[in-house]
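In the two complexes that follow, chain A is the common piece, with chain B as its partner first and chain C second.
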Partner chain A sequence: MKLFRQPSSEPLWRDEFSVFAADERYVSRRQFAKFLVLTSLAMFVGNLWILVRSWFSRGPAYPAETVARLDEIPIGGVKLFPYPTPKEQCILVRTGSNDYVAYSQKCTHLSCAVFYSGAKNRLECPCHNGAFSVRDGSVLQGPPRRPLPRIRLERRGDELVATGIHLRQEV
Partner chain B sequence: MFGYEFYIDPSRCIGCQSCMKACEECETHRGHSMINFDFIDREETIATAAYVCWHCDDPTCAEVCPADAIKKGDDGVVHSSLKPRCIACQNCVLACPFGIPKIVPEYDQMLKCDMCYDRTSAGKRPMCATVCPSQALAYVRPEDVVQRREKPTNVFYFGNQEVTTKVFMMVPENQDSISIDVADYIWEGEYEAVSPA
Partner chain C sequence: MREEPTPSQKRGLTGINGALALIILLLIVQIWLISATLETYLAGFFEAALPAAIVSGLIFLACAGLYLFIARLDSEARG
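Right after this comes the complex of A and B.
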C-alpha cells in the first residue's frame, strides 16, 4: 500500500471510488486538512448560533400558581406542593414569621425526595446523607454537587404564589 | 507475493472437473463452484477447458460496478463483491470479457473466483490448482513453467482493446498474445423456428 501518492490528473470521483482497495482508504494530506478546517468551521458556526440564540431567547415561561395561604403553616412548618407540573414536587418552608422559602424536592444527586429537618435547620436527603442549606439551597454535605433549584415566591395579599424556578450553576 | 503465479493451459484439461468440486469446498462460497468449465464443441470433440478468473490489471467488472462493490487488492487479486454494497445488478456479468462473475441468486450477490484468497494470501495454493491432475490449472513458480513446451502470456486483445492480467494463459511458442475477435464467435447458423403451437 502506497502511503504517499502524487496528485493525480484523474477526476476526484475516480480517486474516491477507485477499484483498488488501498486507494479507497487513502486520505491525502490536503483532504485531511480540508476536513479539519471545514469541521472546525462548522463547530464554530454552530457554537456561534447557540450563543446568539441564548442571547435573544427568554427562559421558559412558568405559570403563576397559588401554593399556600400565609397563615396556613406554622413557623418551622413545611408544605409540599406540585410546581410547575403536577409531577414535580416542591417543598415550602416557613423559616420565620415573614420568611418563606421553596425548593424543588428532588435531590440533585439521584432525585430522592428531600425533607426539612427542623432540628438542624436544613434540607436533608435520606438516601445518601446529602444536606442543603435552607437559606439558599446550597449543598452543605454529601454527594450532591448542584444546589436545589429554588422556587420564586411572591406574596399577593395573604397568599403565596410561585412564579418561577431559579436554576443555579454548580458551585 | 510468495513467488507463485497462476497458469492456465486448456490443452492439458482432461475434463475431470476435480477443480469444480474442489472449488465448491471453499469456505467463502461453499457449494458454489467459481470455475468456468466449458465443453469446447461437444458435437465434434471431447475437449474441455477450465478457467479461473484472470484478475485483470484494470478490472472491467470493477470499473462498471455502479455500487463500488468490486475491489482489487494490493496483490492484484480482484475480489468477490462486497456483500453490503452489491446490488446484484449483473453489470459485471455482462461486462467481463472472460465471463467470470456469477450472480448467486440465494445471496443476491456477485461471487467470483478470488484465487482462494484465504489460501493464497497465506502462501498456500488455490484449491483448484492443488487437485488438477494434469496441471491445466497450475499455481507454480515461473521458473517451473519455462520448462513447458508452451509459453505463458498475460496479454489479450479483444478487437483493438488490450487487456493485461495477473493470471497467465499458455499459448503456442510462436505467439506473444491472444487475440479474440468476438464477432468470429457469433453463431451464423439458422435458428429453428419454434411455433407457439
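Right after this comes the complex of A and C.
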C-alpha cells in the first residue's frame, strides 16, 4: 500500500495544479489539510515555547525589603510600597493591632490600582467595581476571577519585611 | 479528459472531507489549549505548561496521522 503519491515524470507544478476537475478536488483538499497540519505544528511549538519559558521562570527569587515600621500606620490605615520592583505597587493594610496584610495593588482583572475601603473593609477596584477581601485577597464581587497576589510579610524587630509573593489560582 | 469524479473518487472525497473535519475540530481544541495555557502562564502559574504541551503534541500527531490518511486516499484515487 502506497502512503504517498509516487513522484511522476511531470513537473511538480503540473502535478499540484491539475487541469482535471476530478483531480483538482483532491489536490485542493490535500493542500488545505497540509496547511491545517502546519498550523497545528505551530500551536504545538507555541506550547513548547510556553513550557520552556515556565521552566526558566520557575521559582523567582524575591528580595527581602523593609516596607514599614510597626507603629507607622494606624489601625485601618494603609501604606503603599513598591515590591518586588520599583514599578510594582503594593498596598499594606493594618487590620488590627497586630495584624497586617499586603497585596499587589494591581487588580487581577485589567490591572487598575485597587484601594482600601475602610467603610466596607475590603479592597476595591474603581474601574469595574471589583472587590477583594482584605482578609485573604479573594474576589468578593465584580469581573476579576483571580484573587490578589498576597505579599508575604515577616516581622523583624519593629519592622515589617516583605519576603515574597504568594500567587493563587482562581476560585 | 476526466471532468467528473469516478465512484471510487467520490468515496475517497468523502473520506477526505471527514478527515478534514476532524483536523479542524482538533485544531479548534488546540487553539483553545494554547490560549488557556498562555493565560495561565501570564497569571504566574506554571503547572499547566507541561500537560498542555503533551496534549498539544498528541493533537499534532493526530492531525499528522489524518494528513497521512488523506495523502493515502489521494494516492489511491489518483494513482
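As a convention for this text, the second predicted complex is superposed on the first by the 113 of 171 C-alpha atoms of A that agree within 3 Å, B and C clash if a C-alpha of one lies under 4 Å from a C-alpha of the other, contacts with A are read in each partner's own complex, and residues count from 1 in each chain.
Here is the rule we go by: a contact is a pair of C-beta atoms (placed from the backbone, for glycine too) under 8 Å apart; a residue touches a chain by one contact, two chains touch by 3 or more.
Treat the numbers as computed from the prediction; the structure is a model and nothing was measured.
More chain A residues lie in contact with C than with the other chain of the pair chain B and chain C. Applying the stated contact rule after C-alpha superposition, one finds that A:Trp13 touches neither chain B nor chain C. After overlaying the two complexes on the shared chain, residue contacts for A:Ala22 are found with chain B and with chain C alike.
Once the two complexes are overlaid on the shared chain, A:Leu36 sits against chain C while remaining clear of chain B. When the shared chain is aligned, chain C comes close enough to touch A:Ser57, but chain B does not. In the superposed pair of complexes, A:Pro149 makes contact with chain C only, with no contact to chain B.
Comparing which residues of chain A touch chain B with which touch chain C, the overlap comprises 1, 19-22.
The touching residues of chain B, counted against chain A in their complex, run 58-59, 62-63, 68, 70-74, 79.
Taken in their complex, chain A has these residues touching chain B: 1, 17, 19-22, 24. Within the complex, the chain A residues that touch chain C are 1-6, 19-23, 25-27, 29-30, 32-34, 36-37, 39-41, 43-44, 46-48, 50-51, 53-55, 57-58, 108, 146, 149, 167, 169. Only residues 1-6, 9, 12-13, 16-17, 19-20, 23-24, 26-27, 30-31, 33-34, 37-38, 41, 43-46, 49-50, 52-53, 56-57, 59-60, 63-64, 66-68, 70-79 of chain C touch chain A when the two sit together in their complex.
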